[in-house]
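Okay, got some structures for you below.
The same chain A turns up in both complexes below, where it pairs with chain B and then with chain C.
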Partner chain A sequence: MTRIAIWFFSGVTVLTVLAMALLLLMQSLPVWQHEGFSFATGAKWFYRQQEFGAASMIYGTLVVSIGALVLATPVGIGAAIFTAEFLPARFRLMVKLTIELLAGVPSVVYGLLGILMLRNWIYELLAPFDPLSGDTLFTAAVLLALMILPTIMTLSDDALRSVPATQRHAARGLGLNGTEVVLHVSLPQASRGLFAAVLLGLGRAMGETIAVFLVIGRQDNQWPQSLFSLQPLIESGQTLTSKLGSSETNIAYGNPLHWGAMVGLGVILLVIVTLITWFGAYLQRSDHAS
Partner chain B sequence: MHRKLIHHGFRFFTGLCALACCSVLMTLIWAIVQRGWPAISWRFFTEQILLVGADGGIFYNILGTLILLATTVVVSTPLALGLALLHGVYLQGNRWRSHLTLLIYVLNGVPSILFGIMGFIVFVHYLDWGKSWLSGGILLGLIIVPTVTVALVERIASLPSCYIEAAAGLGLRQSQIIRFVILPQSINGLVTGTLLGLARAAGETAPIMFTATIFAGATVPNAVKESPVLSLPYHIFILAQDSFDPSVSAKIWGTALSLLGIVFLLSLIALPARLKIHEEAHHG
Partner chain C sequence: MAEPILQTQSLTVTAGSRTLLRGVSLSIHEKQVFGLIGPSGAGKSTLLKCLNRLLELTPALKVSGVVRFHGESIHGPTVDADALRSRIGILFQQPIVFPKSVFQNVVFGVKHLGVIQKSALPEVAEQALREASLWDEVKDRLHQPALRLSVGQQQRLCLARTLASQPEVILMDEPTSALDPKSTEAIEQLIVRLKKTHTIVLVTHNVRQARQLADQLACICLRDGAGEVISQGEPCDVLCSNCAPEIEAYLAGG
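Our next item is the complex of A and B:
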């Protein structure tokens, strides 16, 4: 009885997950048939003309989440080094629990702070560059950086703490001071775990919908003139998630091609995020094993 | 001398990072409390929305969120128990175990908007439920399954093996060991995990916006089909998009503060149990 129940509920969960991936794939088929691979590489999205290209949204997702990572990683890892290596254990637990509590602030609350406060600050900050509004990719990146900061910090702290204390004692015994122990022992040994922390933060940033939706401006077809130009940062844009969260999802259902294109965006997002999380989890686990 | 200088500089710099982390996040909380507090009153919690959010309170939004959370627990508990026991008991020493772990991690990373899209296809259209509290609860339940499972798995893994050996020595069958030893001993892992999961589910907007919740005009659902609920996160989400009226603005911050209150309350109840696990991890 117990055995049957356990296998049954596990089966339900695993099958639901697999069925979900399959369902998204099937529903997106029309757009792959219509556009071929250029669905992922085309930058133009005009649904009335039946033209669907996801590239400008993929670009938006990458710029926003990598921007967030660039802002959050140094501070997050720096803070983790302090709590894991320099702070007495009592305080460490306190700081860590506070940070984890803050990691639970709902994304719609971050979105609210973004739309009512951050947007105006960014607009004033960027005034010399003459942006059209405060709804920019940069605003979204800053907001996401705040959101993933606790994730990166607390996972980095775990990674650093998993380096055995004997290694540190041995290094101290050889005459290294605290900083040298961190730079030559803890950081190299925890490097996989730290990389995993960053990857998991990236995965979270890419999948975030509501906060990004509220501050990004949701402007379609924003394809940069040069991939290395910084100009798009101060313009509005669209990410995969902000598109999926928009009312176009309601409109699209019923037209198989348009719906296929919307779900196709979801499939692209799922593939990218799954690869990142999978790699992050893999690194994290092999780190603990050693 | 040179080395010492670098050491102090480095420690100061990392300390600054930690301070920046804590203070930025504290400032966020302070900003919400400061703006939201004036809106909080007894009326705010007991009345329904009036004048498109400019007046009245959020009674049905809180109720809707609680209905969604209750459904979430009912859905996530059996699924997470099944997965955790499969992982901890039946797959012990099996190579499928690490695949299952990986699946749980990947599921945890799936963006919540994709659950919303899936729910939109399956519940709203295939099953023709329209917007329904039940689809919202099922989706949120699936979303928190990894959180609950991981907490349970950690708890089960930390059980002293002598308990299980003693039970086996008394001649208990595996299913009896699960029911009378493993489950009672790991129940606080289930509670902690569920509380943390609920703290996450309470604030999720993306999975329920197309499937379960509307802005105004719903009270207590009395069926499954076409029975949406109001909810706190969706209320904030909609009002945030046209928040130029100052009286609306006060209500949004009040709603945000209430949501934050629920989320923090759920995580704080889970805190003592988590502290205990931390301690055991350090001394055990």
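Our next item is the complex of A and C:
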């Protein structure tokens, strides 16, 4: 009976996901036929000229989420080291609960706070570089960093706590001090779990829509002159999600090619996020096996 | 008799309102094996961990009384607890190896003391492994994971790791209770050998082991819910005297 139930419900789940992926793929078919693979590599998006290239949005998504990761990882892992290694148990739970609450705040609230505070603050901060507005990829990255911080922190805390206390005890018994134990026992042994925490944070950052939508400026066709230039950070741009969240999605509906292009953006996002989440979950699961 | 290397005076450990150890006064002399026996839960391990201040890493436990190492209090304001722990090493009941290679395990502690050149580490490792009678068994697989060794070998690896830091005292917390008879014998022979160069404090459940190895013995039993030293002295005196009903009960049960 249990076996049947397990098979049934797992089957329903898998089929639903597959059906969704298939639906998206079929809906996006016109654009792949029209553009070929240059849909993913082309940087120009002019829907009136029927020209669809997703590269500048892929670029925006990568820059914003990796920027968020660079900002959130040291703080998140640092906070996790503090709660897991140094904070007495009763405070640890309190801090962890509070931080996990932050993960539950609706993203539109973060977006509004971003408009309210972050945008002006960053505009003033970047004044020496003469930005056009406070709506920049950097603003979006900072906001996303705040949003994924709880994820990274709480998963890192779990990873560090899964290192047995006896290991720390043995190291202390050999005369290592608290800092050395963190550096040479806890962090190395938790490294896979920490990496998974960062990857899951990255997955979350890439999929985030509304908060990014509100502060990124939503400027199409922002392709950088050089891939390693930092200039795009202080300019407006577009991510896959901010494009999909815009009213262009409604306009596109009815025109199979344009609609296909919009759905195609979703397919690209789905593929990237799925790969990252899988990889992260894989690392997290095999953490204890080694 | 010479001044004891380790000495406790009215050492008491409390956890909140509960007393775990009460008024323990012991004198441990250099290059001897000092045995601690007693029933489970009497606080033998707690006492052992007081001696190198490992106990203070467990929150909510309060230690009062004096512990002297070479005549000076180990709780003094100038004492570095981490440095102290490298001079008073500890061996746990279960071997706790790090998920690293055999070699990395041996040098794990000594590497961080910062007194040995990196190039000298292989030599230090070899010497420590020889001292722990493990060299011949692992010399060909120094760079394999230590977790692949048998439990008995792991325990000797832990001993080698402690010896590599050249401690003066080694605290052993029932080092053979997780081991098979053959490995137990290996550790016991090691203890006899190591006592020429080190002071050893040996917690054991095994009366035969205590009688065989210890030069001095103390028996800790529960009185009114707290561990107390019931008697101490030469092993035969402690084990034969029927002065305390607790010891009699313990020996009969053990």
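Simple rule for what comes next: the second predicted complex is superposed on the first by the 275 of 290 C-alpha atoms of A that agree within 3 Å, B and C clash if a C-alpha of one lies under 4 Å from a C-alpha of the other, contacts with A are read in each partner's own complex, and residues count from 1 in each chain.
Note that a residue touches a chain if its C-beta (ideal position, glycine included) is under 8 Å from a C-beta of that chain, and two chains touch if they have at least 3 such contacts.
Just so it is clear, the model here is predicted, and its values are computed rather than measured.
Of the two partner chains placed around the shared chain by superposition, chain B is the only one that A:117 touches, whereas chain C remains out of contact. Within the superposed three-chain model, A:88 lies in touch with chain C and out of touch with chain B [touch as defined at top]. Of the two partner chains placed by superposition, A:35 touches none, neither chain B nor chain C. Measured by the number of chain A residues touched, the leading partner among chain B and chain C is B.
Applying the stated contact rule after C-alpha superposition, one finds that A:184 touches chain C and leaves chain B untouched. Residue contacts after overlaying the shared chain place A:171 against chain C, while chain B stays out of touching range. Residues common to the contacts of chain A with chain B and with chain C across the two structures: 89, 177, 180.
By the touch rule above, chain A contacts chain B in their complex via residues 1-3, 5-10, 12-14, 16-17, 20, 23-24, 27, 74-79, 81-83, 85-87, 89, 93, 95, 97-102, 104-113, 115-117, 146, 149-150, 153, 177-180, 182-183, 200, 203-204, 206-210, 214, 241, 244-245, 249-250, 253, 262-263, 266, 269-270, 273-274, 276-278, 280-282, 285.
Taken in their complex, chain A has these residues touching chain C: 88-89, 166-167, 169-177, 180, 184-185, 189, 290. Chain contact summary for the complex, chain C toward chain A: residues 52, 54, 57, 59, 82-87, 89-90, 92, 94, 96, 98-99, 108-109, 112-113, 158, 161-162, 165. Residue ranges on chain B touching chain A, taken from their complex, read 3-4, 6-7, 10-11, 13-18, 20-22, 24-25, 28-29, 31-32, 78-79, 81-83, 85-86, 89-90, 98, 100-103, 105-118, 120-122, 125, 142, 145, 174-175, 178-179, 196, 199-200, 202-206, 209-210, 233, 236-237, 240-241, 243, 249, 252-253, 256, 259-260, 263-264, 267-268, 271, 274-275, 278, 282.
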